[in-house]
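Common to both upcoming complexes is subunit A, partnered first by subunit B, then by subunit C.
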Partner chain A sequence: MRGADYVIKRTIFAVVTVFVALTINFIIFRAAPGSAVSNLARVPGATHALRAELEHEFGLDKPKLQQYFIYLGQLAHGNLGVSFASQQPVSHELLQALGNTIPMVLLGTLFAIGFGTFTGILAAYRRGTAVDKASVSTGLFFYSLPTQWLGLMLLLIFAGTLPSGGRVDAFLFNPTPLQHILDVLKHMLLPSLTLGLVLYGEYTLITRSAMLETLGEDYILTARAKGLSDRRIVTRHAFRNAMLPITTLIALSLGYIVAGSILIERVFSWPGIGQAVYYSVQNRDYPMLQGAFLLLTLSVVFFNYVADLLYFKLDPRIRE
Partner chain B sequence: MSAVIQEEPGVLEGATEGRRRSTIWQILKDRPSTLVGLGVLGFFILVAGLAPHIAPYGAHTQVGAPFAPPSPKHPLGLDDGGIDMLSLLMYGARASLLVGFGATAIALLVGGSVGILAGYYGGRTEGILMRITDYFLVIPDVPLMIVIAAIWGQSLLHIILIIGFLLWTWTARVIRAQVKSVRERVYVKRARALGAGNGRTIFRHVLPQIAPLLVASIVLTIAVAIFDETALAYLGLSDPSVISWGKLIKNASDAAAVSAGAWWAIVPPGLCVAVLILSCTLIGQVLEDALNPRLRASYLAARGFRIRRVAREEG
Partner chain C sequence: MTSPLLAVQDLEVWFDLPHGDTLHAVRRVSFSVERGERFGLVGESGCGKTTTILALMGLLPPTATVSGRVLLEGEDILEDGETSVRPHRWTDISMIFQGAMNALNPVQTVGAQIVEAMELHGIAEGADAKSQAGQLLEMVGIAPDRLDRYPHEFSGGMRQRAAIAMALACEPKVLLADEPTTALDVMVQAQILLLLERLSQELGLTVILVTHDLPVVAEVCGRAAVMYGGEIAEVGPVDTLYHDSRHPYTRLLFAAVPDPTGEEEVVSIPGAPPRLDRPIVGCPFQPRCDRAFEPCPTEQPRLIALGADHQAACHLNDPAFRAVS
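Let's turn to the complex of A and B:
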């Protein structure tokens, strides 16, 4: 039963990683200079008694270990605290931000997967030709660009033709649902394109090397010896096997994309997780920052786990 | 899948001091693009070192109107404070490269030690060290950098430390795999049979063998570190008093260079970063590819969404 073994091992790893992340999250913010009450206690006529009172109210006078368990208990109930800046529950704010981030990231990723895998396959198939060289150079070029800079370049190029920031047009009064969707899509185009181009390079290079690896396998030689057409070899024999690393890598990268979109959302003032992280850094809004970091870590751990399971599903060799 | 390490005959095996150097050189020489990469890297290092002497103007002296376009006197125009862009770029190279090299040194020290210890001693040491590495690998480093930098306060030293201590995981994994294979080579076993201690075996016999891979690891880490610096700077987490390329991009963006149409304030710093990352990637990937074909696609992510190696090692 190696298969069950594998799944159990990966599950344990994912669960432990979540705990490691939670613990890091707890420690980092406890190590922050000042405590949650130092700002609140900074009022005219504040006394040490008030400070102690506040500390008691926030549970900061309890032993650290107990605080840790209280923290875990609250998290289990979905309580991430209250944002210093907006006085709203962090979980509520984050969910809203996530709802804005996901469509933007999805559009960009789909773009990258579509074009990236296509040029990657083409480059591997036409290995050593001008097509290959051009795809690899373009891929490396986009891969090397600083994300925020690429976004700013697109802004320079499309200044005037496409909206430069935000999610909706503030001057569009009482839009019909269709108008609203078109408006959001229009705003989404540039941030998604930035993400798409940045990922495009990566996906092209990865697809190409995965394809090259499978094209070198013995069964490709067999297929060729059988007299199959090149097209059939590439689509039916090589690509289907190259899908394994590609799918895993896409699943893995999805988790990081949410984190990577911080810069993009900042450039285009897209009101998602990244923007939330930026504002909480600016305002030193620790509960918000803590919640956002937790969410980003969880997304990475989650997609890692998905990638592991996909790997298990796609690769029969693990199940033997 | 078990971790079967292939030996690459001819590249690493039995290389003497002289031959090893010529191997790196040969790999680089056979691919002209890496020579370009090396040239660019050298050029930037030179410019950074000589900045105070060759910069036409000071990094803080206003020499004209804000966002004055390029002119013969100022080939790259002026920034929002009326400071010469070309001079700023030269001074900016200093901090960017300092972060690149400083963070890489830390990453190399930590990652290299972990990789060598895990690969050389194996067993429980390896299990524990690699488990720790795995956890660090999964936690997204750019958000963690942001969180730590936000709490710790902005300074150049902090940036270097934060980036360095979060970038060691890849080096550790790559080095471990290589050390494991070198350890099993006949000449290492022979040296041990002759009574060489662990320290001597590691430093005299194992380390020289993995040197080329270390070089590849160094160049690739430099690229990632410089990339991360621009990201932190863009979010306002870099040292406010230090000029770096990342800071220049942020300044131009904050000063609305885009809507002012002042492309000269925003294109050059990003281009410098891109060209530097491209050169490092070219050098590093070619070296890595040539030395260890199994590690292909490993470093294909300079940005936060880093990607794991294609081949996984499951026990």
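Let's turn to the complex of A and C:
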């Protein structure tokens, strides 16, 4: 069947992409200038013996090809190595950071999807009216704002009423689960809003243009001639077709959950993946970086894969 | 005396253009069609024929201003705009479009789109609607098991057939066909035209066929209106229009049809249609007319009855002017 063909093709494509990314990921860190060991030794004039000792300990004295296979082998067992900075397993550190990042980014993204799609549809439907103009200019405004600047401005405005940074209140002792959740939510609000507003601009503009395009199609005229109400034309005929480009956008922005939030996490000191990447760069923490890059690759490939499968469901023409 | 099935009276359409200009696309168009009749609306691109039939169903964009009356069995369906016209859409008047390439929604099955119309207007529901949709497909020559297929799985001709089946879903009285064969190849064109003719005869369906293709009209329609510059130039039985045309435009239009034997040279009408975004003084066809005389540049011709069912808007037919010339 064609459907199975498509799914198999997409799956193979995704797996190959991950594999290529893994390999590039391995090469980048071997090709990067500077030695991993120089920072590890933490002594500016470390002796050759010490360096050699460290290189041996981390297996860096082995041939590159052998290192590559060891790397793949360890990955297969879920071992991402040990962080130079914290001496903790990278997988453990990354999972913790990811656990902090996902709810924050998800909240902002869902806000953007819901609100942005809604105003985008409304603007397209009421094209040329005040509603349309207001929606487009608001969308353009937020879309063109630098994320970190918007974050800082929100911080300036709301810092008194909402926490200005971090994920939990350090002075909240032995909170009940409910108290803890509310506390985290309160901290999450500003970074999520920052992300959500910038994404909102993108969503509303893209939804509007996708909707305008489909509303101009002949089948919309047919639908009107059939006597359908405007609401039904918009939901059943126009939006259903406009969803195709929107799905791509959703997949792309979800894929960048991991990486897209470095600026926001810095501004709001949110202990997520972005923050972890930032510190790892500063500390030349190669295993952490390598792990974070891997995670980023996986999430981008995964969400693209999901988008491909959704497309298959949404667009019968792909099933050809 | 019974009123005609559909009567269009003094239909006018203006479009707002950017920079505050207006385009007077349809001017004083009146015609009427009877039950079971096949009526042609012929003219060059941009003469207002498509605008006219979109206006009939209230389907023009918000930039359009429409005046005049569209009487369906005596009832003015445009009287209260959207509210008065929507109940008549598809149940009384349905429509098919050019080539049907994009007239069907690409992400819904053909069956679902036919059933949607039936359910919306309370004709049938669920399995019943689906079996009726299957019968409709059969009627237009498509196997009923194709209901669950998507439009892209159909050829151009099949799509147009499916669009016709969909247009018949609520047993309308009038079918508006806007250049239904334009994007199709010649063999398929002929099949679609035969199908329309057959359906009109079998179902007593009134068909208004909009086309720039005179032979198509001659083939399918009994009566036709020739439009020029947003106005009706001449209206009457197709035979009369061909053999006894009383408007130079109709005559030149028939002369411009290529002769299949290739013996006669194709004649074209020199010049271009008038700009509709400016006021037209006198006869719109006058600058291109080979028989223009004194009154044409200044006096606007009105439709004059020339027989029981034949009218033309040309000063040549006006005794008042003929005496002068």
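Everything below uses one rule, namely that the second predicted complex is superposed on the first by the 291 of 320 C-alpha atoms of A that agree within 3 Å, B and C clash if a C-alpha of one lies under 4 Å from a C-alpha of the other, contacts with A are read in each partner's own complex, and residues count from 1 in each chain.
The criterion applied here is as follows: contacts are C-beta pairs under 8 Å (C-beta built on N, C-alpha and C of every residue); 3 or more make two chains touch, one makes a residue touch a chain.
Treat the numbers as computed from the prediction; the structure is a model and nothing was measured.
Trainee: Give one word, clash or fit, describing how subunit B and subunit C relate on subunit A after superposing.
Mentor: fit
Trainee: Scan A:Leu185 for contacts with subunit B and subunit C and give back first, second, both or neither.
Mentor: In the superposition, A:Leu185 contacts neither subunit B nor subunit C.
Trainee: Based on the superposed arrangement, let me know which partner A:Arg317 touches: subunit B (first), subunit C (second), both, or neither?
Mentor: It touches subunit B and subunit C both.
Trainee: After the superposition on A, what does A:Leu110 contact: first (subunit B), second (subunit C), both or neither?
Mentor: Neither partner.
Trainee: Taking the superposition on A as described, I'd like to know which of subunit B and subunit C A:Asn241 touches: first, second, both or neither.
Mentor: The answer is second: A:Asn241 touches subunit C but not subunit B.
Trainee: Considering only the touch criterion stated at the top, classify A:Leu95 as touching first (subunit B), second (subunit C), both, or neither.
Mentor: neither
Trainee: Which partner does A:Val20 reach: the first (subunit B), the second (subunit C), both, or neither?
Mentor: So A:Val20 only meets subunit B here.
Trainee: With both structures superposed, pick whichever of subunit B and subunit C touches the larger number of subunit A residues.
Mentor: Counting contacted residues of subunit A, the larger count belongs to B.
Trainee: In the overlaid three-chain picture, which partner chain does A:Thr222 touch, first (subunit B) or second (subunit C), both, or neither?
Mentor: second
Trainee: Considering only the touch criterion stated at the top, classify A:Ser144 as touching first (subunit B), second (subunit C), both, or neither.
Mentor: first
Trainee: Given Cα centres, how many degrees, to the nearest 10, is the angle at subunit A formed with subunit B and subunit C?
Mentor: 70
Trainee: What does the superposition give for the shortest Cα distance from subunit B to subunit C, in Å?
Mentor: Nearest C-alpha pair, subunit B versus subunit C: 11 Å apart.
Trainee: Under the contact definition given at the top, report the residues of subunit A touching subunit B in one complex and subunit C in the other.
Mentor: Overlap of subunit B and subunit C footprints on subunit A: residues 317.
Trainee: Help me check something: in the complex, which residues belonging to subunit C touch subunit A?
Mentor: 57, 59, 86-91, 94-95, 97-98, 101-109, 116-117, 120-121, 150, 152, 163, 166
Trainee: Show me the residue ranges of subunit B that touch subunit A in the complex, using the header's touch definition.
Mentor: So the residues of subunit B touching subunit A come out as 1, 134-135, 138-140, 142-144, 146-148, 150-151, 153, 223, 227, 230-231, 234-237, 246, 249, 252-253, 258-259, 261, 263, 266-267, 269-270, 273-275, 277-278, 281-282, 296-297, 300-308, 310, 312, 314.
Trainee: Over in the complex, which subunit A residues touch subunit C? Could you list them?
Mentor: 217-219, 221-228, 236-237, 240-241, 314-317, 320
Trainee: In the complex formed with subunit B, which residues of subunit A make contact?
Mentor: Those residues of subunit A that touch subunit B are 6, 9, 13, 16-17, 20-21, 24, 28-29, 31-33, 140-141, 143-150, 152-153, 155-156, 159, 164, 198-199, 202, 205-206, 209-210, 213, 245, 248-249, 252-253, 255-257, 259-260, 262-263, 266-267, 277-278, 281-282, 284, 286, 289-290, 292-293, 296-297, 300-301, 304, 311, 317-318.
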